[in-house]
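One chain, chain A, links the two complexes that follow: it is found with chain B in the first and with chain C in the second.
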Partner chain A sequence: MGLTDLLNLLVAAILLAGIYTTMSMGMTVIYGVMKMVNLAHAGFMMLGAYFALELSQRTPIDPLAASVLAVPLFFLLGVATYWTMVRFVPVADEPTLPSLLLLFGLWLVLQNVGYIVWGADDRSILTAMTMATLRFGGITIPIIRLIVFGIAVLSFVALQLFLNHTWFGRSVRALTQNREAGQLVGIDTRRTAMLTFGLGIAFTGLAGALLATLYSFTPDFGASFMLRSFVIIVLGGLESFSGVAIGAVIVALIETFSILVVPASYQLAISFILLVVALLVLPGGIEGLLQRRRLQR
Partner chain B sequence: MTPAASPSPARNRLAGTGAVLTLAVLLLLPSAGVPSNVIRLLLGTFLWVAASLAWNLLGGVTGQVSFGFAVFYGLGAYTAAFAISGGVNPYVAFAAAGLVAALGSILIGIPTFRLRGPYFAIATIGVNEAIRIVMSNLAITGGASGYRLPAAGRFSQAEHYYTALGIAAVAFLVSWYVMRSPFGLALRAIREDQDAAADLGVHPFRCKLTVHALSAFLTGMAGGAFARYTAYIHPDGVFSFATGISILLMPVIGGLGTLPGPVIGAIIYSIVQEEMVVNFPQFHLLLYGALLILIVLFEPGGLVGLAKRLARSVRGRMTGGPGEPAVARARLGKVGP
Partner chain C sequence: MPIQQSRGPYLQAMRRLFFAITLALAVLGPWWSGSAAAQSAACPDSIRVGLVFPLTGREGRPGTYQVEGIKLAMEQINAKGGVNVKACGKRLPFKEIVYDDQSDQARSVQLAERTMSSDNVVAVLGGYSTVLGQAQSVVADRYQVPWITPGAAASAIFTQGRQWVFGTLTPVDVLGYTTMKFLGSLADQGKLEKGLKIAIVVENTDHGKDYVEGVTRWIKEHAGYFTVVFNESFQLGATDFSGLLQRVKAASADIFLSDAHLQDYITMHRQYTQTGLYHRMVSYGARGPEEPARKALGPAADYIFAGTWWEKGLPYKQVSAFTQAYKQKYGRDPDNFYPATAYDSVRVLAAAIETAGSLDRTAVRDALRKVRLTDSLMPGQVLEFQKNGQAMAPFVIVQNKPGDKVDFVYPEDTKTGEAVTKIPR
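Moving on, here comes the complex of A and B:
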């Protein structure tokens, strides 16, 4: 195992962390404002993947462009989901059982509608760049992963700007920090929750479409990514937007480098064990840990 | 449910008589010339009833939702399979299956019960998937190709039927006993408000571990009986997330925290499964998903809640007074911590 191999793994991990950030952002904004764990995350990711597939097969639109088009569409889908179902579920300071069961039921519905519409065959999206690579010395970078990473980083930056520089973004952050105080200063919680759910689903759809250009998928697609997203937001401290990026890097690094020690078939198990460990020993996530350190000094 | 519901003695006697009569009919069925596919359907139903009642003790009565009961079903199935292959008496093997599952539940519960309700629920998804993946990759479970039990003696459907009925009856009696015992009251107190319960001298962690082990024991026995009946199990079947979901769906459909709810849920689940899986393999999960959404939105008390609500409105109409408002709506909201 030479240095170049390690560097290759490192680059792969960082590129993976980009898309992991995008998919987890969708979950974290929803958790932040509504304190709901979106168990339908996988279903919307799957829809995003098939959206990119359908669009690239039926129209000359490039799948990567299709993934960007998914954003407004999935925003509307998220708003519609909130309006028809999610708004009837009680909200509290931590996830409630009805919200878990409702979103879980929605996942089952989406997944199996997917099976009825698209069948159980493995699908994949080939783009002009799928096989192309860049080489720097011994390091190989698949171009498609680089582009996906670029889109992911752009979307992350866009979201940060949006949250920090618009009134809606302010109300999202306010409700994330303290729901009641937010209400006291006159934030329309329902409207904010609706738009946030839309925003979260938009990110989820984008992530699904982007992942579809990297991996093959079936209507079952997304389940493992949903759990990874959850690991990431737990590591990130559940409601911290920058914590998500840290969590994504950690999960991507651990998954990528675990190949060196554990057989590849156990790789998924590692994320799940990480989930339980993170929930247990890092209740405030990495951010919380850092804050505690700061306070102690 | 009203706290510590104590139905009138007359209703109690009625329910008791009904249970005994049902048991008598079920005992006589195999010798009454009932077609063997009906017996097979009933047999499967009994095992689901047992798992459903078991899950209800933890999820419904104590309010700790677990997505990971497939672990106990799978542990039970494999323990029984190994024991029977090794020549152990099947009934001893079932007990061993329950014990191994209970042991597993304690190992899982010690770390995960440090988490509060919803976080526990999500951790169980992780635990279930991690264990499934490990089991599919181990050589002793037969890996992804499964494990076949050796045929021992003549196959007697009636014997399997009585075994399953016995396990369901045990689960029912245990549930009935727990729900009216002081231990059951402690469990309900934890569901309603864990901190208040702790202040009153209930030890939430210990109670949760105990009920988790009890649930796992019953689920493990059901898994063991399933393994002996089908004589072929594989990790992606018994340990699958779908198995865990099924075990969770039945009590939710029927009515969380009640005694008849999980039984009704399991019966409906088994019939729907039987009718739909062959013809529309994807459609049944779609249906369960839709049902889950409808139950959360409209009748958190499940079918039992719906029946109660209907009964109330009928009674209200008969006495001329206004029907009582649907108090059931708030129930599911309360189940969470």
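Moving on, here comes the complex of A and C:
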């Protein structure tokens, strides 16, 4: 492979990292505040994909604009899910069996609702931009992937600003760091948890709608992306938002470049090897490693 | 006393008679009732057939189409009075017992076992996709129930010496071999130059392995025609092919051959186009003309060629009749081979039951080995099983053309259009 091919691979990996970041962010937000692993993540991503499809088919709205519209709608859906189900799960400092079972059950319900409403047919969104590319010398950039990457970066920046410059954002960060201390300074934990769940689902819906412009999907959609999200957030350090972005870049780079030395059929195995390595060598993830470095200085 | 004396022999005789009747009932009763039960088991009201297919999940769509084909065939046979079962002295209708394995291997095996052991079925039809078919195939011999798969073709299913396993799909290595025969014929006609380079990318299943085996076997047998410059497998259901396609690009091949399931075909070809790849000819094995793929890929799907077990444009009157009946029942054309091979699996089972003359599973199994359906929907119009239980009908090659058109391009006797050997850029 020549230099141009390697640069093409690098571009592909970076574009992939953008979407990996968006899809993992929702899971991290929820885990950080509520210490719940959102096993319904794939189900909400699937709903996001069908939301983009329905909106683009029934209205003149572009599917990419539909993905942005998914944010408020899925926020409300997340709040409603919290209010009707999640709030009854006991609060804990680590994931509990009831929360895992509830969210896993919810995923199955969403999947089956998907089958009832949309059937098992492969659906996809084809726009004028889907197959269009930009070329710089030998470097080829798919326009749709570039736009999806742009939306992913913007949403990540917006989340960072939101977390750092709003009262609610500071509450989220405080509860992520220390629940008891947060309560002592007067943070309404239940309200924050409800809004956080909404925020997490909003990101998940956005990711699903964006993925729908890249892949074909059925109500089963999202499972393999959810598994990658696990790897990314473990690698990132579970509760760190910047760690997730770094984790996404690492996973995307390794998955893309490993093809040079490992057969493509082991791509998923590579993600899981990464997960095991992260759990053994970096239990605190990238963020934990960075914190240790900072303390050593 | 005299009265008593006179009644003594009478009572004794009555006792003996009663004893004899009781003994006869005790000895013959079970035989009689067993024989009656056996009679009713041998000649029930209907021919029960278990169907285990993925109606939901990843393979839900093709699985549903296969069940539709089966139901149509059963409905048509039942409308004519059913299948003539000589031992019962009457015609019996088919009755299907449908299970959805949700595209899950473990569930597929579990349901196949359940229907074979508990539903009193004469045969089981099931197993769309190689992976699910392979999973189900292991239980047929255990329960000694004829099992016919209309949707799994990997040779691994039929090379284990199993006695109760049948398949209406021609082996996948023949798909690879026919693809190469087609390309070779184009080279012979001067439409392709000899010595062109081929890149092969297949799913990491037995389906993929068999396809590569067929391609490479033809190339070995026909030196000087083509060379393979890239041969790699990928994870079934992968989410990203950028790295793999970049390597394909670097291989600078002239022809791109892949063997993929529908979702992978759509995802890969989208990324193929987005990566700016170009080959003179492109194939995804048996995939190509499916409606969801053409919707998802738009003009990028034009000129992709596919080796297929069946296409609705085959010039046989039974194919036209099937297509018309299917459209009438389901409101759409049959998509790809899925309902057609399933439809023929019921017809071949009906023929086997009539040949066997009974619903005895062993007799039906033996008849399946001999039966020859001469008005099959498959290319060549004949469906019969080889010694290993797998059918061996020829493949036809079709090519997508602009405007959602599909042309038969190989073999000559099915041709509806010329093969485009250089995809317009």
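Everything below uses one rule, namely that the second predicted complex is superposed on the first by the 294 of 297 C-alpha atoms of A that agree within 3 Å, B and C clash if a C-alpha of one lies under 4 Å from a C-alpha of the other, contacts with A are read in each partner's own complex, and residues count from 1 in each chain.
One rule holds for everything that comes next: a residue touches a chain if its C-beta (ideal position, glycine included) is under 8 Å from a C-beta of that chain, and two chains touch if they have at least 3 such contacts.
Computed from a predicted structure; not experimentally measured.
**Q** Evaluate whether chain B and chain C can sit on chain A together after superposition, giving fit or clash.
**A** Superposition check on chain A flags a clash between chain B and chain C.
**Q** Look at A:I61 in the shared chain and tell me whether it touches chain B only, chain C only, both, or neither; answer first, second, both or neither.
**A** neither
**Q** Applying the touch criterion given at the start, work out whether A:M85 contacts chain B, chain C, both or neither, answering first, second, both or neither.
**A** A:M85 contacts chain B only, not chain C.
**Q** Which partner chains sit in contact with A:A174 here, chain B, chain C, both or neither? Use first/second/both/neither.
**A** After superposing on A, A:A174 lies clear of both chain B and chain C.
**Q** Where does A:L73 make contact in the superposed view: on chain B (first), on chain C (second), on both, or on neither?
**A** neither
**Q** In the overlay, answer first, second, both or neither for which of chain B and chain C A:G105 touches.
**A** first
**Q** Could you look at A:Y266 and tell me whether it touches chain B, chain C, both or neither (first, second, both, neither)?
**A** Touch partners of A:Y266: chain B and chain C.
**Q** With both complexes superposed on chain A, which partner does A:D5 reach: first (chain B), second (chain C), both or neither?
**A** second
**Q** Name the contact category of A:Y115: first (chain B only), second (chain C only), both, or neither.
**A** After superposition on chain A, A:Y115 lies in contact with both partners, chain B and chain C.
**Q** When the two structures are overlaid on chain A, which partner does A:I147 contact: first (chain B), second (chain C), both, or neither?
**A** A:I147: touches no partner chain.
**Q** Per the definitions at the top, what is the overlap between the chain A residues touching chain B and those touching chain C?
**A** Touching chain B in the first complex and chain C in the second, residues 112, 115, 224, 263, 265-266, 268 of chain A appear in both lists.
**Q** State the interface residues of chain C toward chain A in the complex, per the touch definition above.
**A** My answer: residues 55-58, 60-61, 63-64, 103, 201, 204, 232-235, 237-244, 246-247, 249-250, 262-263, 266-267, 270-271, 273-276, 292-293, 295-298, 300.
**Q** Give every residue of chain B touching chain A within the complex, in rising order.
**A** Of all residues in chain B, those touching chain A are 63, 65, 111-112, 114-119, 121-123, 125-127, 129-130, 133-134, 136-137, 241, 245, 252, 282-283, 285-286, 288-293, 295-297, 300, 332-333, 335-337.
**Q** Write out the stretch or stretches of chain A touching chain B in their complex.
**A** 37, 85, 88-90, 92, 94-98, 100-102, 104-113, 115-116, 223-224, 227, 230-231, 263, 265-266, 268-269, 271-273, 275-276, 279-280
**Q** Within their complex, state which residues of chain A touch chain C.
**A** 1-2, 5, 8-9, 12-13, 16, 112, 115, 119-124, 126, 130-131, 133, 135, 140, 142, 144-145, 214-216, 218-220, 224-225, 228, 255-260, 263-268
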